[in-house]
Amino acid sequence: MLTVIICTLILVLSGLLSLTLKRDHISFKHIIPGAIATVCTFLLIHIIIDYKSVIASSFSAFFSWQLPFANLVFGLDPLSVFFLIPMLILTVSSSLYGPRYFDKHPPGHKHWFFFSTLVAGMILVLLSRNAVMFIISWEVMSLSSFFLVISDKDKDESVQAGWLYFITAHVGTAFLFALFFLLSSTDGSFDFSSWTGITGRKSSVVFLLALAAFGLKAGFIPFHIWLPQAHPAAPSHVSALMSGIMIKMGIYGILRVLTFISPYQAWWGFLLIALGALSGILGVLFATGQHDIKRILAYSSVENIGIILLGTGMGITGVAYGSQTVAFLGFAGALLHVLNHSLFKSLLFLGAGAVIRQTGSGEVDHMGGLIRTMPKTALLFLTGAIAICGLPFFNGFTSELMIYVSCLYGSIKEPQAALAMAGLCTIISLATIGGLAATCFTRLFGTVFLGEPRYSAITPQKEIPSMMLWAMAIPAVLCVLIGMLSYFILPLLTGPVYALAGSTNYNTSGIKSIALTSSLVSGFFLLSGAAVFLIMWTSGKKKVRTETVTWDCGYSRPAPSMQYTSSSFAAPLIRLFHFPVAMKKHLSKSDDLFPASSWKFFSAVEDWFLTGIYTTIIRSFDRAFSSLRWFQSGKAGQYVLYIAVTVICLIIWKFYL
Amino acid sequence: MKSDLLAWVSLLIIVSNLYLLSSSRLASLIKGVAFQGILLGALSLLMAGHSASYHLIFLAILSIAVKGILIPFYLSKLVRGVKELRDANPVIGYSLSMFIGVVISCFAFYILQKAPFVHAFVSVFHGASAISTAGIGLFLIITSRNVIRQIIGFLVFENASFIFGLSIALYQPLFVEMGILLDTFAGVLIMVIAAKRILTVHQSISVRSLERLSK
Amino acid sequence: MNLIEITVVLIYAFFAGGTASCFRSKNPAKLLLVPVISSSAVFLGGIAFLIETRPENTVLLFGGTLIIDSLSLLHILLVNTIFLITSIYTTGYFREKIKCGALKASYAKRFSILWQTFQAVLLLVLLSNNIGLMWISLEATTIVSAFLIISDAELSIEATWKYLLICSVGIVFAFFGTMLTVAAARGMQSSEGVYLFSYLSANADEIDPRLMLLAFILVVVGFGTKAGLSPMHTWLPDAHSQAPTPVSAVFSGVMLNCALFCIMRYLPITEAALDFDGQARSIVLLCGFMSLIFAAVFIPIQSDVKRMLAYCSVEHIGIIAIGLGLGGLGIFAALLHTVGHSLSKVLAFFSAGSIADHFGTREMKDIQCASHKVPLWGNTFFLSCLVLMGVAPSAVFMSEFLLAKELFFTGKYIILAFFLLGTLAVFFSMLRYTMLISFGKGPKEQGVESRGRRVDTVIVITCLLLLLFLGLWIPAPLSNFLKDAVSIIEKGATL
Amino acid sequence: MNLPEYIISPLAALLLSPLLAGIINRTKAFFAGRKGQHLFQVYFDLARLFRKDYVFSKTTSWIFRVSPVIIFTATLASTCFVPFISSGTRISFAGDLVLMLYLLALARFFLIISALDTGSSFEGMGASREAFFSVMTEPVIFTCLLSIMRANGTVSITEALSAPMLSDSISVLLSALPLFFVLLAENSRIPFDDPNTHLELTMIHEVMILDNSGPGLGLLEYAASVKLWLFSLILGRILLPSTGMSPFVQTLILLAIMGLIAVVIGTVESVMARIRLIKVPQMLFGAGVAALLGFFINVTKAIPW
């Protein structure tokens, strides 16, 4: 425990050190990111080796924290360790990736300071066992990520994105206030340890407040608006960290609050399933309609948070209906998906960063054929893409499988119709999300890496530096390993799941057999695939291979710009779902009979949550506020009248009412 | 006898208030307020006789000197520099203002019967004159369209505080009393200086040129 | 004469000496140095108060005319600190003008003299135990500061006029309140000390409750006008936006607090006279609530950066008043908030003023990307505004959190909701403005146009670190000090 | 001869699946009044393809070369979970349904990206439509198979398909009919796609493999017929009468049913025209509603009202 705190301090110190250095100091390239990576690696090893002792440790302040109530209490339990592990992995990989990413545009010397405070803030969020401590760490996390978002000053939209992000973060903090006050209202203590046994209607209010407070960070629909703005604006390794683990802190918060309240109400589960289905399906649909590579990934994070919510919802419903299998598998799937999503999403963001670094653009429809100049990046990106689609033998599959099995148990084995319906809804949502995600990521990978370059101007000449490739290889290897050997990840899951499901007597042999069997099948699959490949290879040795152009159906001059673009690829789907994802088309015509310039067509999917709902609310507030301007009219006489009226009103209030 | 006189002076103060409300010329406004200053001096002299306190006499002299002579003198000097129409020109017309002034004064008598603070005053007339003066002073400020009338309104409002303070003056040490007086005098003087500045910069004493800072 | 009285005399001697020395000098740069010297001496004097008064906590001076207790000491230290750093800032603020000879010696002379007088009368407000003396000195601040606002600009005259008129009307109301307090205390057995706060608060149960309540209403409206409580705050945005930056800074950072301090003096007496039925508190609470709402409504439609900061002051004064109105932990929060708000608002005004001077405009839409062109002030502006918006970890956040907690635990859910909504609305628009000013669009290839002075950098970093530190940890001595001050406003407050 | 089921089922698929396509072709020929091709013509075609040389486009990368292997293997692997002779040892676990369907999704993923790898706009269009269809078919399959599993009270599709089937005809109809629609859509049959042409109007599956040649094309064709076999087998298993027969007889009946399904497919292809692309979602949505209805009936039966 003390090790963790000391390491956090070292992190902050190394960040502070970077503040004192000159902007282009050499140590930004190696020493400071290296130090962050080393500390996190050390911490990771410490946690993995000492897992048994780490998960039960707690730590009270060595000096009294002089606010009228707050105590400095730290603690680690299986739930927080489960979030700590991917966080450290991602920090290692993004701090290895960062220095070279900035080769062309060196960041301000504050970059690594905010990076380290972001990491330290996240560690402290996981460690804190006191509400005040938690809120402060939470704000440190939001604040430093906000500064990281706006740190890319070459982009004007980063200011806008940072603004939107920070607003939502702050609204979340306001909800956190209400949430923690309500939780502490029984005995006035802000220590987590005293928050037990909250029941009845109050627990429902607590749950809803937690959903709002943490949902704004987790970014499920309708709280997602900041994600697609902030992620493209931030530097890629920061997006990886933010999308990979920071938004999961919202999930952590919801799960943490769930451990305070019992018994679970079934409708919480239904609500989560509804929200999960909404953000899963809409998130991936929005992703499919986007053009910016990082915006696509951001919306896909919304989708994956939706999947996590579906799992959590099944877990809660399972507990509420007393079905341990459903509960255990639901929670386990949700948690595992947290880990998995953090791995493959950070991999994808790092890959997107590599593409942006080499091409200087994030516009998907301008790219194409990058696989030839950047083969290794392409392979790593493909790994992430397959994993995020939840396809077998990669890690995304294992977690989705657990949620599916939870639903199967719920809809088949349990007598309650409500549970069956919840399971069915979740299965249908997951299946739809799966199909849509496959569309989204074949589209992304196909447009960026395959085919011919669409604009030769931004075609990269070479592969990214090997350091960045190694940084991407860490999550990629873990994606494959977890996919193949999910059995070994199960011990990590049991602790938090027991805490969430509120019982420890669940028999884990069933889940173990699933993990084992799927490992076996994956081995079998690999073997047979290898066999087929071998046969093809040996038989193909004697064959003649001819290289020619792609079959062009008789058209003699196919140009790269005639390729199917990502927009055309998504068009049928977008047209089908035109209600939730409206496509806005902009056509700039020239009215001449013989137009001198070509017409320009541009289409984009607008997020009507942002442009419709939120903007309307803000506009109406603005109008209302503007209509009060007469109050400050500039007339001194009128101002004196206010004073007189105030006196009279106060006297009437106090003496005559 | 003395309380009778006190009541008469108080009544005269109320009448002077009404006069201020009705006067349309800046010059007559200044005259009115100078008259009121002298009335205040008389009031405090009467009070001095009432409770045999020497420093009330000092107060009376001071108030006659400053409120009756000094400030009106400066004000009329200021008015002489005004090029535009030297009219009071209030937001609310003179007759209606008069009517409202009468209502305020009646209300002051009424409220004194009801309110908890009646025993803070020497007499009902004394209290009513204070409240009515305060109300009418505020009314003058609120309805003014030019700076001079606002100053005069403030002066009237402050006269109310003087009348009010007289009843409590006995309980304060002298230096506090003097401080209060000097402070208010200084306040009004500074207002006059500021008004002069306004006149030189804007060439006008209308408050319309002072309404640009809004929202 | 004891040691503390000697210190008081010394402090005022320094003011007198400083003021006198100004009359002779003709060099603007030297003239501006005089306030720095005298305010550092006074700062040391404040520290001396702290050391000298510690064991007893409450000390009566000069036969009970003056008083020093934890509450006033807290404010005295704050005033001295703010004046010290503002005086130092002022020398840099006028530097450019002095360089090109635009600053007249007469102006510098007037400024220095009024500046020191202003601090002297403000300190007198805090020191006075006599309710009349307190009123006199607060009125004197209006008179003195009016000439600090005024310059040759047309708008500054308008602002001065409104400041003078509205604050004077307000202060007359406060005079009625003061007199009524004495009238209410007239029924006491001994009428010796009815004009002394120490006496009134010791014998508050003998005061006529209804008269005292009326007096308190007038006091709140009167001093509240000066403090910027809504709806009497109308002069505040004008004066703050038109005054020279150092003056705006002390207005916001000090003067408003001092006016509120007067209300803090009356509050416990009224409460005690009314048998602690909470009526007096509810008035303060209502005014604070109104201020918060008005600020939240008006900040979004501002275009002048200093005006925006002025409304932000209205918001924070409102928050402090809400804390006072809540009692208990709320008062603790209010005092902590006073400290946090003063420090951060002063920084915000410094940077806003310097940025506005650099860009030659106060219109926010014309100021872009200040953190590139004037790095020190651009970044300071953003950070101090973040603190003002209540972003953790900072002292302001901590006090707002405590306040919200107290609102929740006293069951004032509606006010809590409006409090959160109001601060969010302020956050919403202020963040947009500050981000555009500090990081907005602009030609980025241009390099740094102006670097700050080293001494300014030191001030900024010290203040920001202090704010950060207070947001994370309140050391035991400070906490006890604040608790002492709380117990003066509310005896036996439960913390 | 006691091979485990997970060997027999893929073997059967490998050996017999091209026959199904042959039956369909003969049926269509019958309706067209032609003599038609040989029943084993697909076998001959495949053998010819595997003997041919490779022609690759210069645009393509390793993705294009590797994809046929992955597609074929994944499709074949998914047949492990549907029992052919319901007596051998099986790999069955909770959620094998998901693995089976996601293996098919894996195949589809690689089919799409290999099509995009060619950079051809035709193949891009086919890929887009394939992805579009899969979004709508997957929920329907899940719902159909879920109601079968619910009726059998097991969470493993292998168990569910080898055990006695649905009891009442309504449930059978409500899961078989949507599944038949899905079969047509997933295997690019009329009315969703035309397996005989890659003309613009119908370009889905055939257009995606336009640039494949030789053994690669062979693998893809083979995978397509295995997939058709897989769906027919599932459908056949659902329709199989649940009387106590010997495994051998049961397998024979199963084969007969599958042959019948092939004939029905051929008949549908002969009597129907391809529907417009925008009508496809409506049709699949209808199938989904039917499947949901089947599930609801299953659920309500179990509830003690």
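Just so it is clear, A, B, C and D label the chains in written order, and each chain counts residues from 1 on its own.
In this text, contacts are C-beta pairs under 8 Å (C-beta built on N, C-alpha and C of every residue); 3 or more make two chains touch, one makes a residue touch a chain.
Predicted model, so just to flag it, every value in this text is computed and none were measured.
Asks: From the centre of chain D, which other chain's Cα mean sits the farthest off?
Replies: Chain centre farthest from chain D's centre: B.
Asks: Using Cα averages as centroids, what's the distance between chain B and chain D in whole Å?
Replies: The answer is 100 Å.
Asks: Any idea how many Å lie between the Cα centroids of chain B and chain C?
Replies: 31
Asks: With chain centres taken as the means of their Cα atoms, state the distance from chain A to chain C in Å.
Replies: Roughly 44 Å separates the two chain centres.
Asks: Using Cα averages as centroids, what's the distance between chain A and chain D in whole Å?
Replies: Centres of chain A and chain D (C-alpha means) sit 35 Å apart.
Asks: Which chain B residues reach two or more other chains?
Replies: Only 115-116, 138, 141, 150, 210-213, 215 qualify.
Asks: At least two other chains touched by the same residue of chain C: list those residues.
Replies: Correct list: 161-162, 165, 169, 210, 214, 237, 298, 301.
Asks: Got a list of which chains touch which?
Replies: Every pair of chains meeting the touch criterion: A-B, A-C, A-D, B-C.
Asks: Okay, in this complex, where on chain C does chain A touch?
Replies: So the residues of chain C touching chain A come out as 161-162, 165-166, 169-170, 173, 210, 213-214, 217-218, 220-221, 225, 231-232, 234-235, 237, 279, 283, 294, 297-298, 300-301, 329, 332, 372, 386, 389, 391-393, 397-398, 401-402, 404-405, 408-409, 416, 420, 423-425, 427-428, 431-432, 435-436, 439-441, 444, 471-476, 478-479, 495.
Asks: In the complex formed with chain C, which residues of chain B make contact?
Replies: Per the touch definition, chain B meets chain C at residues 115-117, 119-120, 134, 138, 141, 147, 150, 154, 157-158, 160-161, 164-165, 167-168, 171-173, 176-177, 179-180, 183-184, 186-187, 190-191, 194-195, 197-198, 201-202, 209-213, 215.
Asks: State the interface residues of chain C toward chain B in the complex, per the touch definition above.
Replies: By the definition above, chain C touches chain B via 130, 132-133, 135-136, 139-140, 142-143, 146-147, 150, 152, 154-155, 157-162, 164-165, 168-169, 171-172, 175-176, 179-180, 182-184, 186, 191, 194-195, 208, 210-211, 214, 237-238, 241-242, 298, 301-303.
Asks: Quick one: in the complex, what on chain B touches chain A?
Replies: 91, 115-116, 138, 141-144, 150, 207, 210-215
Asks: Give the list of chain A residues in touch with chain D in this complex.
Replies: So the residues of chain A in touch with chain D come to 368-369, 371-372, 375, 378, 382, 386, 389-392, 397, 400-401, 404-405, 408-409, 411-413, 415, 417, 420-421, 424, 427-428, 431-432, 434-436, 438-439, 442-443, 445-447, 450-452, 510, 513-514, 517-518, 520-521, 524-525, 528-529, 532-533, 536, 539-540, 543-553, 558, 560, 562-564, 568-573, 575-576.
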